[in-house]
Each structure stands twice: as C-alpha cells, then as structure tokens.
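In the two assemblies presented below, chain A is common to both, partnered first by chain B and then by chain C.
Let's turn to the complex of A and B:
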C-alpha cells in the first residue's frame, strides 16, 4: 500500500495536450496519475456519442469554457453510439509535430486516418474547389492563364526553403502587412485569388492576419501535401481529436499511468515550504468520493482546467508559451461553433465544373464527398455577420464518426463580441446546404439535428498570489535544491482556429512541458537523494549508482531500435 | 530510415558480412562460368535452361545469357514440346521477367525478352474464346497492356514502358481504339505534365488519327494549343511542353497561328522576363515567319526582335551563348534565315 498513491507527476485533464504529455511521462518511466473530472476522455476536445453529447449540452451550464449551448432537440437520433461528435473538431497536417508524435509513440496504430478530400471556397453564391497543387491549377478551367502563372509563382515562393524574412518580397514593413493586401500588391493577384489563398489555403482567420505568420503557416500546409495523398490534411477516425487524446491515454495506461476519471479534485495541499527538506512529496491531492489521497512532486495541467482556487499555498507556476504565436493580432478567445447532422450527400464541385468534364455522361451528377472543408472568407455572405472567416468541416461515414448515410457539418468562426452562435452561424449553414446539394431539384436539405455553442479559451491573464509566479522559461537558475523550481506547469489551451493548428499546437506544447518537467523532476530526485545521504540514510556509493539509473532521457518518445542488418 | 537508431555493428558482425559477400561473389562467378561453358559447346539441355534461370535472377542485365536462353528454347526445348507446353514455358518466362521488372524496370534486355516471348506464342484458340484462332495471343497481349499500365502508374516517365506500350498496341490481335489511347495520354498529362513520353505518345496518336481522317485536324490542333498554353503558363520551365508546342507549330505554314502563338508567348515573357524557353521559342517562331511569310511581314522588325531576344538569351543562358551567336549571324542574312 505504501507506494500506490505516490506519483512523480499528476496530470490534470485529459485534453489532447495533457494526454500526449501523460503518455510521454509514462513511456519515459515516470510514475504518473492522470485525472479528469469528466467520465470521458478528451476534456474540451472530447468526442461524444449522440446521447453523451445531449447530456453534455444539457449539463454544461457550469462550465467556463462552453456557453450559449442550444439544441434543436433533446432526443438523440437512432444509432447514438455510431456517432462520435467532436466538441473541438480539427484536422491534422500530414507533416507536423502531431503526426510525428502519433507515429513515434505508436498511437497511430490504434485507429485509422482519412485524408480530407477537398477544400472549397465560397465566392459570389458559388462554391469553388480550391486548387492546391500544380496539377489542380493546370486542370482548372476557371482560372485565366495569367492568373495560373501568378498563382504558381506565389506557391513556388511560399513553399521555398529560405527564411521568409530574408526574401526580397518581404522587404520593408511587408511582414506586418495584412496577408490579403500583401498578395495583391507583391504578387499581382486579384481579390478573389488572394482571398482563396488567405482563407482556404493558409486558413487565415481575419482580414488583418499578417503576411509573415500566414506565409509560415501556409508553408507548413504545402509541405504536408503529397505525403499520404493529394490533400495536406488528415482526420482521425472514430472522432478526430477526442479519439486521438484517448489513444494517447491508452498508451500511457499501458506504460503504467494510473487513470482516475469522474472524480473532482477537492483539495490540493503543498506539503512544505521552499526551503525545507525535499524528501517528502510536494503536493497532496484529495479527490471527492475517493478514499486515498495521492501525492506528487509536480503537477501538470492546462491553464483552463487548473483548479487554482483549491491550492493551499501556491507553489511556483511555470506557464508554457503558446506553440504558434498569435496571428499578428490578439487571438480572439472565443469561437462560435455549430454541429449539424444531415442525411444527404454534399458536393463541392460546382455544376459548371462537373459538366465540362470529358466523359460528359449527361447525368448532371456532381461527385459527392465524404470529408471536406468549405471556407467562407470574412464578410463574404451578405446575410452573415461574421467578420472572421467561417469554416465548415464536413465528415461522412468514412471517418467512422457517423452512421452510414449521415454526415456531420461542423461550423466554426472566431468572434470578439458576445453573439448568439445560432444567429451568427445559421446563414452559413443554410448557404452551405443550398449550394452543395447534389440533386438538381430545389428541395433544400433539411438538417436532422443542429446545435450551437460558444467555446472560450481561458484568458491567460490568470494571476496568482505568489510573488514567484513571474518565472519565464528563459531565465532558469540552475539549483539542485532551491526555491525557484517550478512545481506546477501550465499549458496554454490549444488555439481553436485555424482548423489545422490545434493538434500540432497541442503536440508542441506537450513536448515543451515534457522537457520542463523532466528538468524539474530530475532536480527534485537528485536533491532528495542528496538529502537522504546527508541524513545518513543511504551510503554515498549507492547514491551514485542510483543517479546513473536516472536514465538519460534523450528524446520525447523512446526511440525504435532496429537490430537487423542494413540491407537495401 | 529516419528516426531509427542504427544498431552499432561490432567488428565481428562487419567481418561476417564481408565473408558473406565474398561467398556470394564466388557463387556468382562459378555460375557464370558454368553457363558460359555450356553456351560455348552449344548445349540446349534443360539443365542449361535451369542454369540460365538462376543466373538471370541474380543479374538480369547479362544480355548474352538472355540470348543463350532464347537459343536453348528454340533449338532444344521447343522442338520437343507440344504447343501447350510451349505456351506454359513462355508464361513462366513472362513471370520471370515480371519479377525482374519490378526491381529493374529500365533494363532493355528484360523488355526485349518479354516481347520475344509474346511474339512466339503459338496461334491457338484460347479457353474463353469462341474459337478465335489467336485466342492465346489475345489473352497474353491484353494482359501485357495491363502490366504496362501498372508499370506506368508506378513511374509514368519510364520511356521503356512507353515504348513497350506502343509495341503492345501494335501487336494486339484486337487493337485498342486510338481515341481511348488519346484519353490515356490525357490522364497521364493531367496527373503530371512534366512527362516527355506522354506528350510524345499523344503526338503519335494524334498524327495517326488526323491522317486517317478520324479527327478534324484543325479543330483538334486548336484544342491542343489550348492544352499546351495551360501547361506553359502553369510551369514555363518545363521543357516537354515547349517541345510539344514546337511539334504543333510544325513547319509554320499558317501565318495566323504563328502570329497568335507569338503574342501568347510574348505575354508570358512579360510575366516571366527571365524565361529562357519563351525567348528561344519566340526566336524560332519569328524566324519561321521570316522564312515562310516574308512577303507579308515587316522583316526588319522581326529581325530586330530576334537580335534583341538573342541578346537576352546570351545573358539568361550563357552556357549556350555560342549557339545564340551563330543564330544571330544567320538571321540577318536575307533569304537565308535558317
């Protein structure tokens, strides 16, 4: 019974960032406990069955993250368990930190991934597929010759290897110029083309997004194209982000991480002051309806889920800086979301494009899609109120998150003033359904179910009462005992937009926390041993052996060792 | 492989590897010796055949041995075999070459052997057919088309495969429709137009369709110009596109077409002022105008244009400046533009 409740680190919340971190800790050999007050994995990024979703919507009133939740009906559709509705849907770039972590940790083997088939953009009552490659541009009959040249020239520039800041195209103050303006002036692209690039290729959020950061983001996506297929984006089956978080939790559990779900934390006590001996654990946590207390030397949590009010006396908090710095403007902290379920297929190929194909089978059928992204540039819809881009993510049965014959549409847009998400997003939903309907008749698609809500990223202006909370990652004094060891690591919530970034941001943040934690834990362990020897409990020779035992952790995930001959 | 730690090999392991390679080498040389000795004495036995199989599996580039193998089959094995047995032997050889092609898709001798096998299939009715006397050949040639298509999917620029494809299309007892072949080239070009072989095939198919009157040449050429403009503007650096364009222009008989194309290329040059291919093509086409339509163009302007372009070419493509100098000398001689 002695060692059961004693952990090196306790991770609070099973969102994607924390799940990746817990898995990395467990695989590196630390004793980890992973807590979540919900009974499901994934936290704010969870994927829920239909009934679970309805349950969540009805009971989330106390949540600080979610608000203004509306449901078109409180009855779940049949086959509830075949739905996996994501609270924070996202797509994964085919090349990037998340995919690397998925592969290196082995979590990618737990489930499948689908490529997003198409990206389309809204323009003047039309839906237009977005060319993403040289082949697309060559074949596109709606772009003029001159525009093809200019677009290609820009894409070659955007996918180049050199640092953008060193390029002549960005001389002067161009780096801070709004991206759309930059495209028009430096690359002679017209408004429509510039908007397509900015909002549907680079996934900018607002017209003020700056050129340099947009270019860097675009390059990441361009480099993802072609890796697993034409499209740069993958979506995890069985419910994207929530399922992936769960996958990391599974791998953590296999490596010995202890999971406690559905229990709220009732108290967190710091056991000693900074200067006292370090031989007892730093924190003791009690959970409601849970008999034992659990202890640890380090706490890891997301900023938004950290139960700050519960701390006895606050220790040193270290905040990990966000992975992808804000897009030039202060990132809005609230996103309006919509979930819509339909039972008819959609198509992004306009009838003009499909009827000019060579085969000409005269069927008027437009190829339907299983997964796709449809982007409304800011202010593109006269009936819409959004000053940010609106993204519609369509997922079908191929993603295994919806029964056969059904599709989920996820709508999202950033907002900076309080609005009703339903009022804001409904015109976009209606337009999407009317433009993408495949039957040539006028019957518009009627959704089977809709739900809207607001999701707020916890403001990072959280203040503590401790004077030591102003530690930054750069200035870290190197003591082995000492008062400036952080014992609480907080990660920023992943950005809610653009769509493809939250997963990669989670992976980058997780790795940053991991290394900070390793540093902190090593120091704590070393000082404990030193303490033990100075108290005469352990002879010095044994200490040295144990120190060597502290395995050098060289990489985020344990490497795969290949013993076979190198045969080509 | 990335991210995989190489297990450091001990001295013993390296030594063992070297010894393994030495023994492989010895086996190979012994086998070669054996085969060539049999060949010298014109042995056509089954053992000889088997020996060549072994050797060719290790080294399919050994064309002498392919030759020997064919002579064994013709002189030794076929005379003693029924047509069914011959077909089976040839089918075996097709499998052998197929395996070899997967690893070495660009070895001439594997392709020629395959062609030889198919050309030696006895004329017999096949299993499914309604008494078609060339049934076996039909089946095997149809399969060949499928094989070549798979290889072209894997590497669309493998000119061996394209050349073989032409052989197959010619030899098939029931020929494929040329219009469907045209569609095939369209597919390949659309998936990646940086493909000399696909454009080349297209030119062959179109020429054939035009000469047979199955496609209206003028209209078809217009569509081809349209296609090539899209490629040109998408990637002006791709040489295969410019070569195809030059084929379309041909000897420059139509002044209208020449002038139109010159204008289109000129616009592209304005967008891409350093494009060597634009400049080179403009010089070539203006010279065609000078040669074929001297009476209806302003020769002095065209000549000046060429001189200016050649100047720019020397700067942009200094490696070929001697050639541009030569052209410059010739272009100013009236009535002797080329």
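Let's turn to the complex of A and C:
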C-alpha cells in the first residue's frame, strides 16, 4: 500500500452533485478521494440535526450564499438529534434522472422514500386540494362540467408524446408567453384554474415563467404520477438531499473511495514538471491538520467549496455548464427560505371537502397531513408581499426527519427586492398555520421554532465563451493534449429551481461532469503512456496497473452487483 | 434485500448490524468469516456490496442480518450518520495485539451510545486471537482499500497487549457482549452473532415493522401511522408508465 495518497481524482465538496459524481468515479474503477471541509456530509444541501442547524445558522452568517439568517431561539429543542433539517428542501419526481441514478447505482437501498401525500393551493381565502388524477378531477364537485372538459383537454395535451414545439397550440410566440396567460388564452381556462396548474402542478416560480419550459416541467411531473403511487413526487427520509448524498458517498466508499471530512485544504500545488513529464500526478494537495499530502491527476469541485484563494495560480479550469435546467430556463438568483417547527398536525383539506367526503360520519376530525406541499400563487394573499409563488413543504414523522408529533414546514419564494426574509414569509406562515389548524377552536398553531434566511446562487464566473473554448479543447483527439487540457472541473452550483427539480439537476449535472472527467482522465493517461513510450523507459515513479490499460467506460453506472438472496 | 421490511415470506426478522473499530483490526474478516464460511462454504463474498446479508437461526426464529462494513470511512473519522441509523446491533472490533485499538473501540461505543438507537445491542470483539496462540502467523485478509496496512505479524503470547480480563471488565461495565475472536480460525465468530440474536428484542422489531415501513430501521420505535406511503424504489423500477394517472 505504498501509493496510498495517490489518486486519479480528488472530489471537493459533498453536495449531492459531487457525491453522485464521486460514486460514479469510484464505481468506474478510478481511485478517488472525496474531501469536505465540513464535518458533516451534504455541503449546502446537508440535512442537519437541530443543534447542527443552529450551529450552521451561526456560522453561515458570513457566507456569500446565505444571509439575513434569523433564529427565533437558539435553545435546543428536546430530541435535537431526531431532526433532519434540510438546507435544500426538495421533492423528487418519481420518474426522473435522480430516481434513475438511485436505482441504477443501488443507492436506493440505503434510504427510505415516501410519497408526498398531498398538494394543496391557497385560493380565495381557502385551501383547495389539487386533483392528482383524472378520477379526482371527475369527482371534484367544485369544478364545473365545462371546466372539467377544458382541463382534461389541457392535461391530454400536456402529457402527450408529441414535442411541444410541433404543436399548433404553441405556434407564434406562445412558447415565450407567461404560462398563466397561455393557459387562459389557448385552453380557455379561468384564472383560478390556470394558477392552480401553473403553481401547484407545474411548480412555476413566478408569473413570468414561460409556457414552454413550464409545459416541459409539467410533462415530467405528470409522467411521474403512478410510478410508485398516485403522487408524482417522493421525498427521501432524514432530510432527503443530504441523506441521499450520504448514500452516494457510502456507495463510493464501498467501491474504494477515501473520505476525509472536516479538513480544510491549505494548498493545491500544480506539479512543476507537469508539462515536461506527464508521468507524475498533476496536483499535490495539503490539508490543514493532516499529516499526509495527497496527489491526483484531476480535481472535481463544487464551485462554492473550491478554495477560491488558490484559484489564481492554477489554470486549466473547466466550468461545467449546467445541463439542467435546460438552457434558456432561468432560475431565480435569490430565494427567501423559512424553517418552522410545530407540534400540532396540519390539515390541507378544506372543511367543505372533508364534510362532503365523509357523509354521515358526523363530527369526524379532518384528516391530518404527514407530508405535503402547500402553494400560495403570486399575489394570492392580501397580507403578503411576495411577487412570486410561496411554497410550503410540510414533512412529518413519516419522513423520519422529526420526532414523533412534530412537523417541519419549509417555506420558500424567489425574491427580487431587498426585504428581510422573515418579513416577506411571515404572513404566509401565519396563514398556513391558521388555515390548517385542526382543533375545533381553530386557534392558530404556535410554532416551537422559526428561522429565516436568504439563499443566493453562488455567483458563477462562468461565461459562455470560455466554456465553449474549453469544451473544444477537451473534445480534441486524446493524444493532442495541450497546456489548456482541463484538469480542474468545477461543477455547476445547485440552481434555485422549483421544489421538485434540484435533485434531478444534481443527477444530470453529475453525469455531465462524469463524462467530461472521463475524457480528461483518458487524455491524461494516454499522454502519460505516450511519454513513457517516447522515453523508452518506465519512469521511476509508482506505476499502477490502471495506467497501462485504459478501460472503456460505457455507462454512467455499471450494472449493479446483486447479492444473491440466499434461498430458504 | 429488496424486501427489507419484514421478510414476510419466511418469518425472518431483518436486523441491521454495523461494524466499527479502528482500521485493520479485522472488521471485514470477521464478517466474511461469518457470512461466507459458516453458512455458504463455497460462496465468494461479494466485494463492494452495499451490505452483506446472512441468516442466523435461533430456535424457532430466523434473523436476517444486514451487515454494514465501514468501507474505510472510519479511517479519517468520516463515517456518515446514515451508517448508524436504525442499526439494531453493532459489533465493535479491536485488535488484542494493539492496546490503542481498545481505546478506539471505547470511543466507538461512546459514539454509538450518542448517535444510535438507544436499544442497540453492542458486542465487543477482541480479534486476532490466533496471533497469541501457538503456530499462528497472521490473521488474514488484506485491508480494505484505503485502509492503513495491518501491523500484525508475530508469533507468541507476548504479542498480546490487551489482557482478556481488562476488556471483559470494560464490557461488563458498559453493558456490552464480549468475545475474543479469530477471523482466521473462526474461533468465537459465530458466537458473536448468535449471542446478539438472543439479545435483540425481536418482538419489538416485528411489531414496529409490521406496518410496512420501507426499512428495517423503522423498528427504532418511530414508526408512524402513515407508513403506507413508504415506497421501495426498486420494487416498481420497471413498472411501465401505463399506470399514469393523467
């Protein structure tokens, strides 16, 4: 084991994107080290215990991505460890790239998942559950027959197989039309129905969201419904993203990846004789408070965790352009977030709905909610000032992320003016708590804990032109390496995308990084081989078997090795 | 293993067991001895598996161990909380020829008591017993990728650095099961797992998982009433999308 500190790839940051990437590298047979300066996994998408969250809130105050953090109290709640508070609350479409990667990599075995039970929307001072299926629509007594027909016509259009671009419905400039307008003009849906579709089915963020991108998103969600149950969305246990990242890290570790957490990178040195003799590793890293140095040919890092101060003296950086969301789909740069813990159940079923469905049952209490999404369309709440939709994700005991009898509410909205996140979100929180109070007295639920903050997408210095030139470089034939060969790949920062999209974005972007890295590594190895051949000798440095043979990598995930179930 | 919930077909109870201990004390060897030797003599262990499974028969009931190895993540103290989650049993391994490894084991026990399910059954295993017995050479298998090389290699009783009595006293005090083992010869290995099986509150696990929670760990006592919404991703992975509701 004399080549212990020598790696093919060093991955920096344990966010979901980087964790998926690290697992894919390790499974493809590369020697990988995965670093994170935090002592916890998940980076900016971590799932934290209550105590860890308080700690994070206290320390994140001086970061560029997180600001205006407020805490109602920093006193620990009982059972602090039983909370998994997600820094990146999200749900997962049942038939998307993240689920595919979870299944293909076998990581799905590590975690539990559950369906999001319900989506509800706030409309005209009341809660309205959003129909999840054709059946629900037919049964819904609040929708007129005419509207039902219009709605069905739209859903058939939206879930069809044909490209939206080829449809007459999108002719003219309609693809760029705001989605709500599009629904009203093209499908004659009324404002209320159009808003429900846009914000509660398609999870649009703002009134300016364009028709084509909203339709594409909606199609993905509609196709997810029915795969694991009636709901299109799943949520991972123990805080979803952060736990899923841990699952990918474990898979990486099982395949030989070395994990070093809680150590800062103190230097990255590009090997001096890199250009003359490529037989030595490209980079040497030293970590603070860590005796060994580690080397690698390629660095993959999340942009936000790459030690920025070290960025100047090392070249050949390739910023991987985000492959998801698709180009042209804009995501808000800043979102206001709120975290609220309560100890009474919510119910998103309006009183008429529950009484009509429980005929004769008398004073039956309204069904309580474990996991659900509650949406305020833009400008739907007179006391609220948000110009975009406000989303409330509720998670209960069924997600294993809270102790028994507790719920976490995650609020979020995109924000374009300078206003405190607490000021902006508080009216929506108050309304949520008062509307869905289940007690007979209908007294608003008092939160045990609230916290608000702003999250800004990491300011990427990525520009289209520089990316294009780097991409051209790396797609050259393998042997014609140049000094501009990318040896540092920066992964795109997680977008502030709609609730169901951040996980899929991570999976898609991870795959893009993976292939770019494989290209780069092949090129590096090929040039090393070339070097050796031309020198006519084997360099005195450690020779590893992998250097001799470049194994062809055919898929993002190799087939899962299935342990045979021992028969009875 | 997809049917992690309750193993309804054969009445076996799924138990998540985690291995802990300093690098190179023989964690993997202990589990390989248990999994591949005693029950399936000719089976090559699946390297790189998510976890190994092995059944353990105990009178009228069958436990199905889902054994998690640290996969080297313990080396730089980088074990993820996920590792401990819902574990109903733990085997903490140390090397009887290396005093410092018992100290490390004690810190793992503390960590388990802090992080894991409060009802977890913990066994302490002093491995490499063969090294202090006559005619031994080494206890075995190469270290996990990414682990430090083993410091083993020697042939006499003088190699022992941890007296049996000392470890036994600690185990008793801390409420742990205790064994001295040799992954190489197999001594004491099966005993660990059968003794754990006796101590596991099976009825409790069965009651907690009966609701159909996705993971064995729902046995942690936090199983809710809404478990019917739990999903096994692999189960419906190939289901055609004709079930689409729209």
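Here is the rule we use: the second predicted complex is superposed on the first by the 509 of 568 C-alpha atoms of A that agree within 3 Å, B and C clash if a C-alpha of one lies under 4 Å from a C-alpha of the other, contacts with A are read in each partner's own complex, and residues count from 1 in each chain.
Just so we're on the same page, a residue touches a chain if its C-beta (ideal position, glycine included) is under 8 Å from a C-beta of that chain, and two chains touch if they have at least 3 such contacts.
Predicted model only: the values in this text are computed from it and were never measured.
J.: On chain A, which partner's contacts cover more residues, chain B's or chain C's?
T.: C
J.: Looking at the overlay, does A:259 come into contact with chain B only (first), chain C only (second), both, or neither?
T.: second
J.: Between chain B and chain C, whom does A:246 touch in the aligned arrangement: first, second, both, or neither?
T.: second
J.: Quick check on the superposed pair: does A:216 touch chain B, chain C, both, or neither? Answer first, second, both or neither.
T.: neither
J.: Quick check for you: in the superposed arrangement, does A:134 touch first (chain B), second (chain C), both or neither?
T.: A:134 contacts both chain B and chain C.
J.: Touching A:519 in the superposition: chain B (first), chain C (second), both, neither?
T.: neither
J.: Touch check for A:234: first (chain B), second (chain C), both, or neither?
T.: The second partner, chain C, only.
J.: Overlap the chain B and chain C contact sets on chain A and report the shared residues.
T.: Common interface on chain A, chain B vs chain C: 134-135, 561, 563-566.
J.: What residues of chain C sit close enough to touch chain A in their complex?
T.: 1-2, 4, 9-10, 39-40, 43, 46, 48-55, 69-73, 75-78, 80-83, 85, 115, 143, 145-146, 148-149, 213-215, 217-218, 222, 224, 226-227, 229-234, 236-237, 239, 241, 243-246
J.: Under the touch definition given earlier, write down the residues of chain A that touch chain C in their complex.
T.: Where chain A meets chain C, its residues are 1, 4, 40-41, 81-82, 95, 99, 102-103, 106, 108-115, 117, 132-135, 155-156, 158-159, 222-223, 225-230, 234, 237-238, 243, 246-247, 249-251, 253-263, 370-371, 396-398, 400, 403-404, 561, 563-566, 568.
J.: Using the touch definition from the top, list the residues of chain A that touch chain B in their complex.
T.: Per the touch definition, chain A meets chain B at residues 104, 134-135, 137-139, 145-146, 148-150, 152-153, 358, 559-566.
J.: Mind pulling up the chain B residues that touch chain A in the complex?
T.: 1, 3-7, 17, 183, 186, 190-193, 229-231, 233-236, 264, 267-268, 271-272
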